[in-house]
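Here chain A shows up in two complexes: once beside chain B, once beside chain C.
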Partner chain A sequence: MDVILAQIVTGLSIASILLLVALGLAIIYGATGVINMAHGELVMLGAYSAWALQTYVGIGLLPGLVIIFFVVGLFGWIIERVVIRHLYRRPLDTILATWGIGIMAQQGIRLIVGGELRYVQMPPSMSTGISLLGFETSAFRLFILAFSAMLFAFTWFLIYRTSFGMKLRAITQDREIASCFGIKSQRIYSLTFAYGAGLAGLAGALVSPLKSVSPEMGTTYVVDAFMVVVVGGVQSLVGTIASAGILGEFTGFLAFYSNDTIAKALVLLGIVILIRFRPQGLFMSKIRASSTGQ
Partner chain B sequence: MKFGRRQFLKGTAAAGAFATTVFPHIWIKDASLAHAAGGEIKVGVLFSLTGTTAIIEESLNKATILAIEEINAQGGINGMKIKPIVEDPASDPATFAVKARKLVLGDRCVSVFGSYTSASRKAVLPVFEKRHNLYWYPTLYEGRECSKNVIYTGAVPNQQQDDFVPWLIEKFGKRWYLVGSNYIYPKEENNYCKKLLAKYGAEVIHEEYVPLGHSEFSSVINKFRGEKPDVIFSTVVGDSVVALHRQYRAAGLDPEKMPMASLTTSENEVAAMGGDAAAGHFTSAPYFMVWDSPENHKFVEAYKRRWGKDKVTHFVSEPSYFQVYLFKQAVAKLAPSDINPQTIREAVKDEEMIAPQGKVHVERKNLHTWLWPKIGQAQPDGQFKILKQSATWLEPVPYKAYPHQVCTEAGLKEI
Partner chain C sequence: MSRRTALQIGVYGLVCVIILLVPSVVDNAFILNKYARYLVLGILAMALSLSWGYTGILNLGQAVSFGLGSYSMAMALKLRTVPIHTGKGGLPDFMVWNNVTTLPWVWEPFYSLTFAFIAGIAVPAIFAALLGWFMFKGRITGVYVAIVTLAVLVVVNLLIIDLQRYTGGFNGITDLAQLQVFGLVFDAYGSETYYLIAVFLTVSLFFALAVTKSKAGLILQAIRDHEDRVRYFGYDVAHFKIFAFSVSAGIAGLAGMLYTIVMEFASPTFVGVPLSLSLVIWCAVGGRQSLLGAMLGAIIVTGMQGALSESKIFLETWMLIMGLVFVIVVLFLPKGLAGAAEMLAKRLLGNDKAAAAKETELPVRERASGEAGGAR
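Let's look at the complex of A and B:
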């Protein structure tokens, strides 16, 4: 029985990491329609910021999270202002442009910092296993689970209970009409992109003590993030958390009962079949398509 | 002027005749023209400086360049300097083949030092075999190769496991869990390991492979907890090593009861995972940075002086270093007009030198190297403590897991 329980918690842990990484992408893609291929690199920058803060400034992981959010958010804001702003009606060009930014970020980090794997210290208070309901699990993973739930709640609150969120939803529905109502859509877009980038940075920082920090770590994360967003349904926050949970649990169970290679293959196969029969993902939001064809 | 077909044919025929008479090396296939021209010996250095495997291959490049610079500073080989031609194949096996062809045909290198992954070695092998050139491969690998155009200075499975596996069985127990990355190197190592385990009466309770670069090991660790093996034999590589160790530690498992025994965890990975995640686990390799010998102290100091105080040497950068010296010893025996890849290969057979790990010897039958495997335990400070040095050097037998095949001086024989 506690094997099943341990596996459920493991699945939740995998799901929480997926959610952390995918939440920023869901916001950006859902709200602005920008396919951000550099999302993995934003995660990577968050991890490197955590390493740099630890090594050069001496700030630990937890206190540094706020700084990392703003640093990577600022970087996202700059990308949006300089590049993405001009490409809102050209989705194919945004893919190319963001892919290029991703490559530049990877090689830039490699040139500045070097290609070696880097070490980020886990907060000492969480670095051992703890016993929970009769089985042992990692304290840090539980922290990530709690943190991602909290972050999701905060994001939901931001989108559905603040005026910023209302303006964002208005722009998502119909940008022209929203602008007619006096909403500065350009500014909202920039802030949204920065927020999504900041979330990605937090994901990178939190994941780095469990894995390693290297310039290419982002490429696997961007694939996972897109899987979660596509399965969950674009423009649906509930869809993001649901699909992260489902994908995480399935991956965990399949990996336990066979192995990780088969688990990955079967989960991807499942996603392909799901999209074939339900291209809009699990949760479709009831938004009328805008006249501009976005 | 009307440029008709006849004019065109005459023109190209004339140009072709001109080119082949004035530039004969276009059509002369024998690449031994002017190898040691101008008092310089050209060698290729083919390690990735960008891309996923650049993390390790950069250090191999650095060790090779260090050796070349040292040799040149001492006067070169019989007065001739070594000229390294460095290419970056960007972690892509197809690019490895392209760059290898360029080094062998375009730059007329007399040897090329290169490769870390087996995929890249397999990709360049046809180039060296077809052009009769010589490739020096410093990385531990899965064996099962018998090319007469490659000098292998890295360890093969029998050298890494013949001492390691019985020692672990004796110390920890007979229930083994095998986990590796999903490609040929871990599969061959596990294949050899299973034969050894059967010989010593131990059993494999689980064998699994994770995708290359995989970093989510929570399910694997749950399986460790459930099955409680005595030894975890890990052949995951690269980022996966770091992720596995860190998550093992975060889950609170105990390396004294369930140690991870690895062939691929070096000082690089230990630095990336942190001392507390590394401590207590074991690695078998012919070389560790802490090895106490005058040659090793000299090597480590020279490496740090040249490339930075924070750098580490490991069991792939050390062969990259000493194989250049073996090259030097071989070429020093030859007359300058006689230097070409075939003569160097014949000259390096049975060559010996005192490498940082100990005395090494190139076996003439299979062009592999006799090495001194050591068993090290990682310490919290990030270095290894050497628990056991093998009593004598171990002969390389690349086909030991395949008793009906043997690599001889004439080639691969079936028996």
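Let's look at the complex of A and C:
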């Protein structure tokens, strides 16, 4: 029983990171249909921003989060303005173009900062362990869990309770009709992209103390994040959080019973089979009309 | 045969002849080996053009087929290494290190080179056919195909690394014997290997051309442009897609085998995400809707990479330049360099019949297919 509980806690910790990384991607993909392969690099940029702020400016991780959000968000906004906006009619090509951007970001960082591993310090107040349900977990992991839950709530509020969100949902359903009603779809798309990018940046900053920071770190995250979005169902925020939970727990448990590699392979295979039989994702019962009317 | 087809055969043939003539000008073994490597990647990109450019299946996992071919050749050559390098009873060295005592049954048939040749093409083709059947029967299209193939690629890569006892894991299979067929020894640095690859390149290029010129090839292009309409005509779209997917995988498997011969090892990086995605870049830069374009795209890009990486500045900025070139090509030249060349040729030749024929035979419905994809 104890072992199972401990596994659940581990799984939750994996899930919270997955959610953090996938949330930005889910919003961009769900709203604009753009497959953002550069998402992993946005995560990486967030991690590097955290590192740079800490090393050169002396701003700690937590106060730096706001700056990081806006820096990476601005980067995302530029990407959208310069490249993505030409490609809304060619969804497959967005994969290619954003991947090209990803390569450039990776290599750019390697040129500017160097390819060595960098380390970001955990906030000192959170480097201790806390016992939760009788298990030792690190306070920082709990913080990530709480923070991702908070970000999720904020995003939900933004999309379902603000006028920006309403416009975004209108465009998602039918861009042309929405434009006829006077919604500036270009602007909404840019802002959405920037917001998603900002979230990716936050994710990168928050995982940076747990793992070493390197130019290639984004690659693994982007695949994981995609799987979360696909399993959850496009345009379904609740699906995203649920699938992050499911995938996190599955990975945790499978890794416990076999090893990390096999666990990852099995989860991916499961996802492949899921796409085949339920391409709309697990949590999407109706596709168009009421998909946003939660 | 239309004038365009004749012209195409002429150009394709000319390029193949030029490729075949290279060893008579270059006699540096090292350079020849490098060129041979680029040619293999050219074959690989050409195979991708068949499934992506002609049928609209964006296969991000093309490296799976390439890797399967490469490993089957490596297994055969490993079993032929001189006994010094291998353990007791011809057991490959890495198995000895991993405490494997008997040769696994999967390895047994690879004592026969003929079997390895057939397996190198058939295994990827069958694997692709099964995967294709799984995807296309369920009418998985567009972006989801890309995601599924990418996921499968990652799974295969993870498995190969994890099954170290049987695949050599992270190090791959090294220390291979040289291929010997009909008394010919194919040294990776000899001109024989170059000719072998050039001949297979010619054969596979014309085979692929024949496929695209057949009636089935026409239907493949129709599927790319508007899948549903083809379905309304009563064709079984899934069957045609499986066919294209599988043929492309078979050619990629062949390329994998050749790559093992020229590189003298097989490694999990041949089944890696970076290679698979780079391949897509080469294909797009050269022109995804032209077999020759995709092939030359790969040869030119990898060739430039090889040449420039010798200077230190370019070694560091290369990927940056590549990313930029790629973004620009995707934005402004969806048909790649081949499309640009064709446009240029049309301008130069004026509006004669050949140009007109070209125009009608290449109805690129980039926007239309994009819209259809978006609506799905």
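Please note the rule applied: the second predicted complex is superposed on the first by the 285 of 294 C-alpha atoms of A that agree within 3 Å, B and C clash if a C-alpha of one lies under 4 Å from a C-alpha of the other, contacts with A are read in each partner's own complex, and residues count from 1 in each chain.
The criterion applied here is as follows: contacts are C-beta pairs under 8 Å (C-beta built on N, C-alpha and C of every residue); 3 or more make two chains touch, one makes a residue touch a chain.
Note that the structure is a prediction, hence the values are computed from the model and not measured.
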Chain B versus chain C as contact partner of A:Lys264, first or second or both or neither: both
Touched partner set for A:Phe181, first chain B, second chain C, both or neither: neither
Contacts of A:Arg110 with chain B and chain C, given as first, second, both or neither: both
Touching partner for A:Val230 - first (chain B), second (chain C), both, neither: second
Chain B versus chain C as contact partner of A:Ser138, first or second or both or neither: first
Chain B versus chain C as contact partner of A:Val272, first or second or both or neither: second
First, second, both or neither for A:Tyr56, with chain B first and chain C second: neither
Touching both chain C and chain B, counted on chain A across the two superposed complexes: 107, 110, 259, 261, 264
Touching residues (chain side chain A, partner chain C) in the complex: 33, 35, 83, 86-93, 95-97, 99-104, 106-108, 110-111, 219, 223, 226-227, 230, 259, 261-262, 264-265, 268-269, 271-272, 275-277, 279
Chain B - residues contacting chain A, complex: 50-52, 54-55, 58, 182, 208-211, 213-216, 218-220, 222-223, 225-226, 239, 242-243, 246-247, 249-253, 268-269, 271-274, 276
Chain C - residues contacting chain A, complex: 58, 60, 134-135, 138, 140, 142-144, 146-148, 150-152, 154-155, 158-159, 161-162, 273, 277, 280-281, 284, 316-320, 322-324, 326-327, 330-331, 334, 366-367, 370-371, 373-374
Residues of chain A that touch chain B when the two form their complex: 3, 6-7, 10, 13-14, 17, 107, 110, 115-119, 121-122, 127-130, 135-141, 209-214, 216-217, 220, 251-252, 255-256, 259-261, 263-264
